[in-house]
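Note that chain A is present in both complexes that follow, paired respectively with chain B and with chain C.
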Partner chain A sequence: MSQTVTDPPTSEVGHTPAWVHAARWGLIALTLLGLGYVAQQAIEAGSWLIVIVVAFIAMSVLVVYSTRRAIPAKYLLPGLVLLLLFQIWPIVYTAATAFTNYGDGHTLSKDEAVQAIQAQSVRQDPDAPRYGMSVAIPEGAAIETGELSFLLTVAPAEDAGELEEELGEGADAGGENVTGDGYQLFVGTEEGLEPLPAEGVELRGNGTVAAAPGFRVLNLMEANQRAQEVQELAVPVGEEGSAVKAATTSQAFVGRPTISYDEDADVMTTAEGRRYVAQDGNFVPEDGVGPVLPAGWTENVGFENFRTIFLDPAFRGGFLKIFLWNLAFPLLSVVSTFLLGMLLALLFNDPRLKGKAVYRSLLVLPYALPIFVTGLVWAAMFNQQFGLINEVTGLNINWLGDPWGARAALLITNLWLGFPYMFLICTGALQSIPNDVKEAAAVDGAGPVRTLVSVTMPLLLVAVGPLLVASFAFNFNNFTLIYLVTRGGPFDSGNSLVGNTDLLINFAYRIALESGTPNIGLASAVSIVIFGLVGIISYLGFRQSNALEEVN
Partner chain B sequence: MKRTTGAVAIASAAALLLSACGGDSETPAGQTPADTQDAAEDTAGDDAAETTEDDAAAGGDAASETAMSDGTSLVIWADDLRAAALEDVAAIFEEETGVPVTLQVVANENLREQFKDSVGAGAGPDIAVGAHDWLGELVQNNVVAPVQLSSDLAGQFTPESVEAFTYEGQTYGVPYSVESLALIRNTEMAPEEPATMEELVATGQEMVEAGETELVMAQQLGQEGDAYNMYPYLAAYGGGIFPVLEEGGFDSTEVIIDSEETIQGGEKIAWLGEQEALTVNLDGSNTIPQFIEGNTPYLISGPWAIPQIVDAGIDYEITSMPDFEDGGETTPFLGVQGFYVSAESKNPQIAQTFVQEYVSRPDVQVALYEAGDRPPALVEAYDEVSQGNTDIEAWGAAAEGGTPMPNIPQMNAVWGPLGKATADIVTGSDPAERLATAQSEVEAAL
Partner chain C sequence: MSQPTAQTPAADAKSPAPRPVSAEKKAAASAVSKPRSGVWWRHLLALVALVWALFPVLFILSAALNPAGTLSSSSPLPQQFSMRNFERLFSSTTFPYWTWFQNSLIVAGLGTVLQVFIGAAAAFAFSRLRWAGRRAGLMTLLLAQMFPVLLAFSALYIMFLRLGEVLPGLGLNTLWGLLLVYLGGSMGANVWLLKGYFDTIPKEMDEAAKMDGASHARIFFTMTLRLVAPILATVAILSFVMLWGEFLLASIFLLDQDVRTLGIGLYSLNLADRNAYFGMFCAGALIASIPPVLVYLGLQKQLIGGLTSGAVK
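Let's turn to the complex of A and B:
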């Protein structure tokens, strides 16, 4: 960005028309409004990082477009923002994730995990009654703020006597809180359970309180406005720790959390006195026996994931095997599709051939079909027992069950899928090679083969070289084909992590989503390694294809 | 030129796959069989239904088009079949409570992942309909809230179905249907019910030799194997994956894949492979078609296969999987479908009301049965629909004595290695050695 940009020449001509100013400021305002909306959404979601980034972008927009200075930045900014959002950000995010244990069972923050474990540990008291429940506020209070209480009813039942015992003094009120048809009535607040005088109370058909003097019973949608508070309201009752809590909109249960958390010691203790200590993103039993508590949290693990990739024997051996196949597969794919495509292109480029348009459109057909269809169809055709290929050829090759068979199957499928593209670009490139060079070669006495090798091919390669590199890079990450045809298999006995036809990207996908304990942190680390490899290979490839340019 | 990072590639590839490949592919490693069953079921639906589902899947990927819990209406995510069945229930609920219900169709194979991801991001539905074996994973990531069923209500369901939705002593869902593997027989080709697996194989082989059929029997296995489909054999002599605890559930700290009992079951798998009753060339895409085309008289599959068989006009009978002559009792896994409440629901009490007070109603369970043809989990509803319905009675009988698939998250580490072991055993590996390898692999992954 140049600091010394002079005002554009137009300013010398005179004043810019007013509508241009208006439009410019209108657009700036519109952009800022949009960004403000995004920021607001981010604030609601609590993503402060996004807020900061959005604010930064907004400031840049204001600074760059509101002044007459910084002309180059006016052109560059949109591109830079997009580069930041769609190229840099994913890389940074992936890299950041690669240093965590983020994955199944480790998706929460520690606070969330602690809360989740406690919420999940709430158990019903097996002998306690089930209450009919209405949510109420004091009469005259506002729905949004009035203090919540539960109006509870216990249906007349044979075990009513037992209940009175359990409730102790609450039930001593005797007949006063019992309705004509035998329902017992209570008011539950955070302080505890009180009897509710039956006089003036109306019950609904399902045995819950419809109206009570001094209270305003909230209807379903009103109560739902305060659903979180209703959910958290616990009416202490009976033995220590037990509380009446909402089960549904019309029922309440008695239960208590069976796990408590000691924040200072960072220890979870169950009702039976078992202690769980925080370790590696989980609460693990202190005595080392038994499973960990279910909910875990994300934490930083440093270079652990990279250490796994490079030092874990199962991983390291598998990684090398996959890497070799990951080089061989795109290389063989590019060579085979290019050769077939080029030969066909040469053939169809012959001026003596009639009806070229028809042949050409037919040849492009495989390219036009969606790979999701063709991939699955080819997988079915390679079935050893029921597949078309063995049936037609009379062979009995175990295509998908044998490592080499599976690799061959993939190359054949990719040849079929890929040659039309090579055919297309070769046809285009061949047509752009002037005829005079070939004539010159013929005059010099070169035969057709010599012309092809020494004249046509070099000129062709100049044109299609970069495309071959691109095709290599595409096949380097050709996840879909592998996933549809072999799913990375077959697998060696005892190693279901590393498939014989896995590409690195399929391997990463399996670790991230399909393996026993999906581990996105580890998969991110693998992705970073792949990113590095693709970068190196692409650099070498382009340097090579630059060398080809020198033919000209 | 591709310069995307691996992460973006993974994400986009995953999105593409999830939205486009649908139920046609075979069992993905590590994905639980319930998904596969449902995938099979999806392909069973008529074309129109599939199209709408695919559309829904494409739409479901865009967050803006997917209904989320917002505190003004009850949002339920279900696949197309169940969403259709829930329409009446939703209408009743709206009428009785005044709370509007939004039914969002989410393609079956995406439901688990989307439910998990969206709730993890603090959004998602109030209620999701899904299989019980997702439970451990959902609890681990705090996706679902406990459902405090009254003991009265819990007692109205079959005990296995409630147990299936119980994790570490806590209940997290309300069940509505139970399914398991059974033997489906083409009564035109094989009028007699085989008394044992041996008899089944002998009859099948005779028919193959006589040129009447091509296959002894059809059961899904695939190159990568299938632990769900092979479990009835592995558990036939008391073996299995994890030991069953007395108080219900499984003890995930001990793996019994290399136990003597499991190996005895593994030997039966090897024998079935030798007899060409099992083959790795039958996978999710071609197993049921083989039966429909009349290439085999026997199919071992679940309720999801029935719609296709009925469409093909085949006379069939459902019976429990036969046992072995030497006393080995084939024991299929039970899969239970039910309703989960999101831990991030904005309407927690209303959602709980729906699952506890409406899903448990007999008429609702019957309506859900009519949409899915699986035996209801509510005893009263089961008694009602099994009256004079031999299919449902047979499915009920097949499920009797079965154990629910473990719902612990550790199962994800078992499906892949154990499945591959079963495929290898069928193709000739020694059961004892191969199961020992699987044991060490599973132990290493846990």
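Let's turn to the complex of A and C:
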């Protein structure tokens, strides 16, 4: 009904200029084009999940923006899509990862792990031909981290048969990867072998590649920096686990795996007849002697990670210590910053005081400076030897080397960082407290101190209560401050995992990315525990402040 | 503290027009009843507060201007004035400062514009349009806000590692991937603050415009966005300062020196040698602080008004 009443005037007046329609359809077309490109890339890479997601987004865009209906959706779709993809989905994914052993040595699927183990066991046949080889990384990548490739050359006299055969259809691109001198060129990565277009490639005297477009050929010294990885790189060719490996610094060979895999029994057998069975994401020796095979895979471990957190004696103590500090730190931070901020707000709450604006602007500076500046500068100021704090106060405290010193240093730093925010909100809230309640208190005979404690402060707390809860929640996960000032340290001797000033999130970060054996599954489990804690605390906080009831 | 002094701030806020007169009267009254009391000690305490707030800032300035450029040789107050640290920083090839600066500008600038736009569009839908599931949607957003995406960093790491294999331009080690993650939070982060302000604009204006034949898009773009400009400014400040200083996700995403933002870049400088590079670090830190400080000082009034209007409501 309302449709028929409101719509006609719109179309009748027809005020919408033509360029608006053009812009609208142009934007829709542009979005679909972009999504089409992404989908095409995803299809080429065989990533069906991305294809499905992209198709879904494209459909939504078309449905929502090409019709006149679903007006609210027009305003919500962009934010909603981003929210689902980059906020909700990662959280769900974290929850899923918490039940796996994903981490160092366990990043592959089982099939990939089997392939990798076989490729690494490749040994050379005595009579196999050798090929010219240069080590290269993609142009513009860092030498330490760029993905390694082998640039391979087959001399005209040599039999390229093996490479060509292994390559199958790739060699049909034939001709293009042959230089004027008759050298055949290939590029191999851990994913496989491809022909390398000869155009723009320069060869050295010994028949290896000196330069190729899109690649940066490493010289001996640079390649030496990554000798270990060059040794281990195996370019899979063919189907039975054969691979191209480096023989010397300028030669490569094709070899066959010495380990065979029996899929039905799920057993790996070496050339010497040793058997390895699958267990906990690794192939372990059946007789229990010796190390496991190098590549492991990701698998579901149920509640194992949570069991580790709560029941493993080595872990539990550290977790409890961190948890207690994780409660104390935000609580003390909120109380200290609020008190200082409130006192300052009361101090400046006097109309006779001149120059308030200047004071305020200067007092807000600590809040305006970026945390990466202030955090690092405070860390430098707490330096025992050269730091400003010891120098000015005449003390000789090892602030950052002593557990309690480091905690005090963090609280002082956070007081400095956080008081301006409290000062700002208290200033605003003080001005909104009605005058008559204070007059009433005065009539009842309350002195200024009594008025402050019994009237002004409770009203102030009601007004800024939700912001205090928010501030607590923020400091509960204040990763950056801890990371910049103490990095979670100091560490007790012999325990490099649990720092004395770690928050749970810093702890999770170390487990996931900085420990010797990164364990993302376990870190995700810690994250999930934090999610739970934050949820409980927020619920309690909001129930207190009744913020939820005011929604309209 | 006498009673009149306690009253004036409220008068200050409630009745802007007569304020000068009444304030003067009261100030005069209290000056008569309690001569010389009240103000000087406030100035004294304010000065103490200023020293507390500013000494680290002075220390940065002093270290940046210190020609020796080390932490061990820096002093609390500037003693020498030399631009040597700045020159050393700008000419460094290991630490491409201006590239970092540019990256920070791209991430924080583009991120702010898009965050504000997405947030404003969502607030428009929640405040001005009526649809089934509106209330539930708001509640869900509030819930989602309680679970900071920071905690999902390991999942984001894996996601973007894999995404990068398909779309190298959006994977780890790119500004665009990082920007996408920042935008993921844009609807939830500010929608409450924005909606609160949107609600204060009379609905009758929308209805009048609609009677005149304006479409919803026209109302949104040409009318509502203008009326809510103050809150957009507040949200823009908050977004910009947050994005400019964001550290955790940036440290996971940006691995190479030339894609780093200022925070991660300066951290790498500090990590390389805290003592020797301290002067260079402080020089870089000073320049890195200019944009957020300018934004704050320029828009301070809006910020106080915006924050407290959301808070006290």
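In the analysis below, the second predicted complex is superposed on the first by the 322 of 552 C-alpha atoms of A that agree within 3 Å, B and C clash if a C-alpha of one lies under 4 Å from a C-alpha of the other, contacts with A are read in each partner's own complex, and residues count from 1 in each chain.
Throughout what follows, a residue touches a chain if its C-beta (ideal position, glycine included) is under 8 Å from a C-beta of that chain, and two chains touch if they have at least 3 such contacts.
Computed from a prediction, not measured in an experiment: that's the story for all the values here.
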| item | value |
| --- | --- |
| Which superposed partner A:Tyr93 touches (first chain B, second chain C, both, neither) | both |
| Partner chain in contact with A:Phe386 - chain B first, chain C second, else both or neither | both |
| First (chain B), second (chain C), both or neither touched by A:Thr269 | neither |
| Chain B versus chain C as contact partner of A:Leu344, first or second or both or neither | second |
| Chain A: partner with more touched residues, chain B or chain C | C |
| Touching partner for A:Gln118 - first (chain B), second (chain C), both, neither | neither |
| First (chain B), second (chain C), both or neither touched by A:Tyr509 | both |
| Partner chain in contact with A:Pro72 - chain B first, chain C second, else both or neither | second |
| Which of chain B and chain C A:Ser336 touches, first, second, both or neither | neither |
| Chain B versus chain C as contact partner of A:Ala429, first or second or both or neither | second |
| Contact residues of chain A, present in both the chain B and the chain C interface | 45, 87, 90-91, 93-94, 97, 370, 372, 376, 380, 383, 385-386, 473, 477, 479-480, 483-484, 505, 508-509, 512-513, 523-524, 527, 530-531, 534, 538 |
| Residue numbers on chain A that touch chain B, as the complex places them | 45, 87, 90-91, 93-94, 97, 104-105, 107-108, 112-113, 116, 119-124, 126, 130, 219-221, 223-225, 227-228, 230-231, 245-251, 253, 255, 289-291, 294-296, 314, 370, 372, 376, 380, 383-386, 400-401, 469-470, 473-474, 477, 479-480, 483-484, 487, 489-491, 493-496, 504-505, 508-510, 512-518, 523-524, 526-528, 530-531, 534, 538 |
| Chain A partner contacts - residues on chain C that touch it in the complex | 1-3, 5-14, 23, 26-27, 30, 38-39, 42-43, 45-46, 49-50, 52-54, 56-57, 59-60, 71-72, 74, 76, 118-119, 121-122, 124-125, 129, 131, 134-135, 137-139, 142, 144, 146-159, 162-163, 165-167, 180-181, 183-188, 199, 210-211, 213-218, 220, 241, 244-245, 247-248, 252, 255-256, 262-264, 266-267, 270, 274-275, 278, 281-282, 285, 288-289, 292-293, 295-297, 300, 303-305, 307-308, 311-313 |
| In the complex, chain B residues that touch chain A | 1-10, 13-14, 16-17, 20-21, 24-26, 28-31, 71, 97-99, 120, 122, 136-137, 139-142, 145-146, 148, 150-152, 167-170, 223-224, 252-253, 279-282, 285-286, 290, 343, 346-350, 352-353, 356-357, 409-410, 412-414, 416-417, 419-421, 424, 427, 429, 434, 437-438, 440-442, 444-446 |
| Touch list for chain A against partner chain C, complex | 6, 9-10, 12-13, 15-16, 20, 38, 41-42, 45, 47, 50, 71-72, 74-76, 78-80, 82-83, 85-91, 93-94, 97, 102, 141-142, 145, 344, 347-353, 359-374, 376-378, 380-381, 383, 385-388, 391-392, 416, 420, 424-425, 427-435, 438-439, 442, 448, 451, 463-464, 466-467, 473, 477, 479-480, 483-484, 505, 508-509, 512-513, 520, 523-524, 527, 530-531, 534-535, 538, 548, 550-552 |
